[in-house]
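Next up: the structures, one after another.
Look at the two complexes coming up: chain A is in both, with chain B in one and chain C in the other.
Then we have the complex of A and B:
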């Protein structure tokens, strides 16, 4: 901060006519100054670890072996890009994110529309519907794996047996569906809340006018409600995707990435390489590739797909 | 072989900064997976005017929780020592302890490790030679440790960790169900016999599986029983020239046998059943046989267990070898970095002494003794009475386990259900995932073993060079 401020002062003393400019600059710094601690904190907690990770990714470092940190250049990255499990993990990450957020948004929309009407006990129903979101993800994973889906003691299989069916070992027979079910259960309330806020901010007179004009309920939903909800939908999908893309708890608790590597996503794979395989260098390289990949996808997606950001930009320009 | 070791030349200060950074940096990069390690928390074990605070990392198994409960008796005898436990589940504990010990981060004064880590870490100079301490401790009697256990925790004739409890594997079976079906368990069953029993006793309608076997991923989960099957079928992981053998006919036959057995006559959802799931299944009467750790018998015979008193225990089934049981022990060691080695040894020698074992019996019940560490445990009359069904089978199983010669042909590694090489944690985890995929049915045994062979190829290459 002082390094930038000092030249400004020097300019000011040398050229009195630039005093105005210097004053403006000081004012700008007075505005920015209070933000600096937060910025510095952000750099410390995000950028320094990242630079360290890049540094570690250039070494072969197996924690389980003595004297192993040695320079290997980019060969960890070569290993990442020739590793079939890595590509499978990328695919699973995309799969989990798209399907979970998609289903959660649709369910959330349905629930939000229902909750938007007045009925007896609405507050209780709303609280109950929100509660999955308030449960610790680890606990949610455990509930799904043991209480609901367990082949011998699970509630779902108990119901199946009542109706004379044969029990299904969901977690191993349908691992991806089990993980997605857990994630959807957790994130539907979140989508529902955002969309409910959108619905309640909608002017009622428009809908009334539509009804007077003879529009059916479906038509007014399609023509009026959905367009109004667009930016809420985008926000819900965006935030949901940001959280779901690094799902770890559900996978760790329900399937441990398996069977085999069928539900291993990127965060779980990195965890496995680092904390079960003790390959510090390799997992650092995986981390770097993941961060870079996520940044590229995120920035493209933000610019292309989402009107909230585009409108914001045009407003500024 | 010219490996430039950057971190070692860096001097003390730089090294410690790099070290504590690694967990945090990885965490951040892995999209904030975990919190940073507890490195540095609590500071060092200081020997200030008020004595020593020991930092002890243990695994959260029932026997270890007993230590926590009884620690007041130790602290009463040693008023200048305070013991602080860091208790974690097995996988987390292993990651934390490996991290701390391998980076010399002085996080713990006592760590709970096993016969997998002990010989390797002793060779690397990461843990303290306990032999001099043992020699100076009157009445400790290391000759009382079960010989196979003692040997598995020694490096060049000196013990580097001392056993807290030990286990092998055996076959628990329901005597009542066998009698009802008119079957008779031989004194030394073979795997084909066991498979035939499983087929006869499997009763899907009543929800009773023929046999419960672990299928869940993890080198400490499904690979433990499976490796004993591979061994006794004559298979091995590597030949003497470190060429991987995972696609050899004998390994394939063994894995096919195991997968077929558990898929057809095993518990429902075998791909997600580990030790605890099988324990629950068997204890609730949902399985007629269970091949697993000898240490499980204590819970099966405990008061309140629905199957207490109904079980027989047969040695680990075999095919081509005489014995096939595994050998495992949770033991206590002192990292080289600990500044409080003497106090650490006082705690360790207390927790692994004959007196401690009797203390558990008096305070918590005689069936709760930490089994499988000392021969004298099997001469305590109260224990022999409480553990009548399984005490002798346990001791026999542990005594006959042979990590030096696990299978028919010679191998370049030691270990029955694991390979005592540093790469095994990683290799084992990956292979076990493939096995789970085969058990769950998503993959064929052949392709699972081909993928495993590929993983083993890299490890073998490193050992050949």
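Then we have the complex of A and C:
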């Protein structure tokens, strides 16, 4: 930075107007300085790999076979768009994300409402409720697959038997539901915490006034609480979706994408193609298509996010 | 007020809810429901811990067994299976990546809030947009690049990737904590001719310190729990706890009690940290939008 400042000063002694310009430039760089390390780091680690992904997607390259990569143009993309497993994986990704985030948000809202009222042991209940979010996701997958969902020894089937039902081999008979249950269990606390914070930031006197005026609990929830929660709901859904789209651990641990490809989502499919199939070009093309698809969805999501934070939260000069 | 009440209660007569029987009953019902929900959600965790203290035979019963003589033998077996280095790798990768995240995110967030650069909106947009790109799409070139520089199976690789993974969220969180610094105080300090260092240490730091802790906690949770990079880029030397757990399943088979013991050990550090720092967790997760 001092290197840019020195010549600027030399110019400044000659022309007074240049001095102001140089000062302004110095000020701009002084402001940029703290930002640059993070920006450069992130560009190197996250953007260059994506550029390389595009590059690799134009080659046929099998890591398991000898011989160097050779140029194949767009044929990897042709393979992607004629691959039925790819479309299944897209569908499963959308399914897992929408259903899991939807259920987790609804459950989270219900739990947040429960926790918003004072009762004996509220702090303990809140502690119990946030625990699933803190459990190692791989451990959670294992526990769900074995001790909870196992057809003979699992607790869930024990409960089903108590109520006179027939046990279900969840992981093979209901693979998608098993994955979603695991994901929902892990992400409900996350939604709950965000919504609880929203509820607690609600002005009490407004609710009190509505109650005194005889509004039913349901009516004041719908007319007052929900509008207030809107931005918190948006934040929770958006952040939840960012993470749930990338669900990998639960699928790896619970179903391994199966049976067949019934629970294979895009992350798991790309992993399979790259690290079990060693097909660099193919999985790179899959990656590019995934990125483009995500960008379309994300550009909408980002606009939402910006409306949450930037509108009434502008930077101080 | 009478007129408002009259319009609001067209159907329902206005009822006075004192601490009558009805109200007491409803608050008991409320508490019961909340406790029930809490126990249901916590049950898998509890069951994992209970199973980890069972002798292996007691873990497989079609009716869940509660009367068993607790044993630590499963834990001993897990430790003798060589879990120590994995635990250490997880701890090193988590702590160092969190420190690096804070070192990069704090100045960046400052430059996006209190002394903003010209295009702070674009920069902010860029940071969060990297989070939208699915990490799987970049795993192939990352793998090849890491292999090229001979850094497969090394902890520094994980530290760099975990830092990149958490940096955008950390910048957003820290920025919102910086914005909580009261403008008047900042203005007053600048008027008094406080230099930058004074401004940061005396005025800004005390306000953002809890936010810094919240950010660190969230980043630590995500780093400790990370599995995708770890399973694809490490094998023996730098493998972390999630990788140990997976390897444990394939090498030892599905022995539930032993698995539960390993899963418990792998989860306990983050579980306790999250319990202790619940307030920070809420602040961090809501990106500081909530006080």
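By definition in this document, the second predicted complex is superposed on the first by the 279 of 317 C-alpha atoms of A that agree within 3 Å, B and C clash if a C-alpha of one lies under 4 Å from a C-alpha of the other, contacts with A are read in each partner's own complex, and residues count from 1 in each chain.
Here, a contact is a pair of C-beta atoms (placed from the backbone, for glycine too) under 8 Å apart; a residue touches a chain by one contact, two chains touch by 3 or more.
Computed from a prediction, not measured in an experiment: that's the story for all the values here.
Touching A:108, do we find chain B (first), chain C (second), both, or neither?
After superposition on chain A, A:108 lies in contact with neither partner.
With both complexes superposed on chain A, which partner does A:67 reach: first (chain B), second (chain C), both or neither?
first
Applying the touch criterion given at the start, work out whether A:193 contacts chain B, chain C, both or neither, answering first, second, both or neither.
second
Taking the superposition on A as described, I'd like to know which of chain B and chain C A:151 touches: first, second, both or neither.
In the superposed model, A:151 contacts chain B only, not chain C.
Could you tell me if A:284 is touching chain B, chain C, both of them or neither one (first, second, both, neither)?
In the superposition, A:284 touches chain B and chain C alike.
Between chain B (first) and chain C (second), which does A:240 come into contact with in this model arrangement: first, second, both, or neither?
In the superposition, A:240 touches no partner, neither chain B nor chain C.
Looking at the overlay, does A:248 come into contact with chain B only (first), chain C only (second), both, or neither?
A:248: touches chain B and chain C.
Tell me which touches more residues of chain A here: chain C or chain B.
C
Could you list which residues of chain A make contact with chain B in one structure and with chain C in the other?
45-46, 49-50, 52-53, 56, 152-153, 245-246, 248, 266-267, 270-271, 274-275, 280, 283-284, 286-288, 290-291, 294
Spell out the residues on chain A that touch chain C in their complex, using ranges where they run on.
Touching chain C: residues 28, 31-35, 37-39, 41-42, 45-50, 52-53, 55-56, 110-111, 114-115, 117, 119-122, 124-140, 142-144, 146-148, 152-153, 155, 158, 185, 188-190, 193-194, 196-198, 200-201, 210, 212-216, 231-232, 235, 239, 242, 245-246, 248-249, 252-253, 266-267, 270-271, 274-275, 280, 283-284, 286-288, 290-291, 294-295, 298, 301-302, 305-306, 308-310, 313, 315-317 of chain A.
In their complex, what parts of chain A are in touch with chain B?
It comes out as residues 45-46, 49-50, 52-53, 56, 59, 62-71, 145, 150-153, 167, 169, 171-173, 175, 245-246, 248, 255-262, 266-267, 270-272, 274-280, 283-284, 286-288, 290-291, 294.
Could you please specify the touching residues of chain C with respect to chain A in the complex?
1, 4-5, 8-9, 12-15, 27, 30-31, 33-35, 37-39, 41-45, 47-48, 51, 59-64, 104-105, 107-108, 110-118, 120-121, 123-145, 160-161, 163-164, 167-168, 171-172, 176, 179, 183, 186, 221, 224-225, 227-228, 231-232, 241-242, 245-246, 249, 254, 256, 259-260, 262-264, 266-267, 270-271, 273-275, 278, 281-282, 285-287, 289-291
Mind pulling up the chain B residues that touch chain A in the complex?
That would be residues 3-8, 21-22, 24-34, 91, 95, 98-99, 102-103, 124-126, 207, 216-218, 267-272, 280-281, 286, 422-423, 425-426, 429-430, 433-434, 436-437, 439-443, 448 of chain B.
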